[in-house]
Amino acid sequence: MSHTALATRQTAALAWRSIITTMRLPQAWFPALFFPLVLMAIFTASFGGAPGNIPGFPPVRGFLDFAVCGAIIQGVLIAGTSAGAAFATDIENGFFDRLVASPTSRVAILTGRLGASIALGVAMALLFIGIAAMFGAQVDGGVMGIIVVVIIAALFAAAVGGLGVYLAIRTGSSEAVQGTFPLFFALLFFSSAFFPLDTMVGWYHTVAAANPITYLVEAMRDEVIGGATVGTALSGIGIALGLACITVGASAVTLRRSLRVGS
Amino acid sequence: MMKGLAVSFGLAGRNLLLVRRVPSVFIPSLVMPLFILIATAGAFHGIGALPQFAGASYLAFTIPMAATMGAGFAGINSGMTLARDLEGGFFDRLQASPAPRMALIAGPMFAALVRSVFTTTVVLIAGMIGGVWLPGLWATLIIYAFALLFGAAASCWAIGVALRTRTIQATPIMQLVVFLSVFMSVAYVPVDALHGWLGHVATYNPVTYILTASRAAELTGSVIWSETWPGVVAGGALLLALAAWALVPLKHLARR
Amino acid sequence: MTRDLVREYKGGIRAVDEVSLSIESGGIFGFLGPNGAGKSTIVRMLTTLLRPTSGTAIVAGYDVVKEPDAVRRRIGVALQDAAIDPYMTGRELLRLQGVLHGLRRAECRGRADVLLGRLDLEDAADRRVATYSGGMRRRLDLALSLVHEPVVLFLDEPTTGLDPVSRVTLWEEVRRLNREHGTTVFLTTQYLEEADQLADRVAIIDGGRIVADGSPAELKAQIGFPMLSVVAADGSTADDVRRVLAGFGEIVPGGREGGASVRFPGGSAAMADAVRALDIAGVRFAEIDLAEPTLDDVFLASTGRHLEGGDDAAA
């Protein structure tokens, strides 16, 4: 079997393992589903009066349409942090060492984990869209729109996954990785994930406008609420891809370095 | 009775000492209300344009919510300390002493109140930095009072959970319930702006009345009894119910 | 005076099964038994931490169920390990204990200082407990249990896990307490040497029941004679040894591996006879020794098993 074929099989196997272990541990998947969905419900009920009554609010069918993508990004973020913590746990309890000592391709260790993150990100995006649809939301961009949303979600999942792996290798502690979650949560809030950018004022507006997540979410959101163009779709995908490249690259470098040192 | 008070203060003192000694447990309860204030007021600033706000500043609207939430999380820390003591065995020593059983609860709760004062102050100061001045002496005291009321209720809740589960792993449960109790309420908009199911849930949620009363003080700058009494009644009922929740397992402490 | 008539029953399984004891005040009472025998459960019941399912216990003159507070005022409790808060200093914990017992502030301070001195903790008094060694923690635990000058002191496995030096120091302190203050001491242990050395009276507990009760000397005397143990060498078997030794006395069950043990009335004087008998029978042996009965023997005789950890005490 060629080297790449073997690496691919290993990736798939490791990805599958990550997915299974995540699903078996409620602490791993429950927060990623519970919090975004609950917040989505609360925001929709609280801000239902916003569309049409607030200057700067884009035209939408209902607040739910507006909120779905923010929820997806939030879910991917939470899931990604759990994934990083899981990777750190693997390091802590020696599973990682066992992988390294086996003929597993070094690349597969990383791509396996990322593959799982991407798969779960896609599943989450589809799930959230489905749930929102049950409550009356509609995706303006149709099937193509859903595809764009899913692609961006998948790339963002890879980005967060990569960051999680990076932190896991650098800190070696699942507690430390979990501890970073509040920071990312803050980052999410300082964007337009939950409310339109144009309604913000002052320094908050400045910060949110500089946050790449803002543009990511808006690219996704435009597919749902309308107003998307090829340009917005590509820029959203581009940003997500860029973030993914940065974090995955950093994690790959750190992984190689730690393997060489033999930590 | 006097001895009970002395014991309570002693235990409260120890709780507060732990704040300085184990910052990692307590820093979240300081940073969190601050974050909620800033993130909520900043991200959802636009919603203030809704007619139900009657032109009020959204930052001013959010201050009572952040203060109350912060007090709630400060209250939970009492439950966490108790859970740690139960798990580690230090509570055995407390239990084997002749200290009145009530004092074992009153002490941590008192510490929670002190911490709630602290978190509320932080929120108010942050509000001032953001341009919202204190709404006058009595109104400010009302805001503190409601925050403390909620903080006491939250600490009773957490203490009850700790006594029943006896492990620090129950912390997420303590936090989740407090979190949801505020969010399933008028956290972001006034009650007449709520849509659908949340409108129903919020009317049965005591926290709604606490927040509404606190906001009335904050936004009008004065204490109007008709605005305030629902909060007092709801908050008082909540506190009594949760105090029972905390005290009942105390009687059966020796059964385990 | 601690007079206990105790019958207890916990959960679906009887952790403590109809235990009755009577303990004289002013003495040191030892409760010996392997892990899981029910010692801790009994201590928890006697210190009002656990309700007996049935039966009564009277400690320091008061019923633990009916008047727990009165009991608590008179007892000192030092339970197994972590009954201390790692984030506080020794002095702070002692003062807090004083407050819990209702002592006035000045009294709290005074008692704390006195006990820190007596238990040799003055240097570490203002450091956090997390930095204390195991021996120091036990001493602090003991100090905490003495703040209010209790009439009865309960120690649950006070030296488990301690190094030999700390163990001896603790024994000294317990003896001194008993001698100088007349404190009744109730201690549980899995170390037979500890029970042997410290206790005026010992009760041996196994599986929730008392299997022996008396002073260490009495109990050992019940077993009676010293025990001769022989271990077979190459060419001979344990059965060979047993056959020969059976002629001298009662074989003790559970003897040494690869050998046998027998109650040896003859004592040292008759040892030569035993050696000759083995020689005549052609039994080769690698080891032979004569030992005075120990509490482990008492335990063995009552239960057919050795006391776990009984050989652990660094003699």
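Chains here go by letter, A, B and C, matching the order in which they are written, and residues are numbered from 1 within each.
FYI, a residue touches a chain if its C-beta (ideal position, glycine included) is under 8 Å from a C-beta of that chain, and two chains touch if they have at least 3 such contacts.
These numbers come from a predicted model, not from an experiment.
Core chain by CA centroid proximity to the global CA centroid: B. Using the mean of the Cα atoms as each chain's centre, the chain most removed from chain B is C.
Rounded to whole angstrom, the centroid-to-centroid distance between chain A and chain B, based on C-alpha atoms, equals 32 Å.
If each chain is reduced to the centroid of its CA atoms, chain B and chain C end up 48 Å from each other. Chain centres here are Cα averages; for chain A and chain C they lie 59 Å apart.
Across the complex, chain B is touched by residues 38-39, 41-50, 53-57, 182, 186, 189-190, 194-196, 198-202, 204, 208 of chain A.
Put simply, chain B touches chain A in their complex at residues 28, 31, 35, 38-39, 42-47, 49-52, 180, 183-184, 187-189, 193-199.
Contact residues of chain B toward chain C in the complex are 3, 6-7, 9-11, 14, 17-18, 21-22, 85, 88-90, 92-99, 254-256. Note for the complex: chain C touches chain B at residues 47-51, 68-69, 72-73, 75, 77, 79-85, 87-88, 92, 96-97, 99-102, 128, 144.
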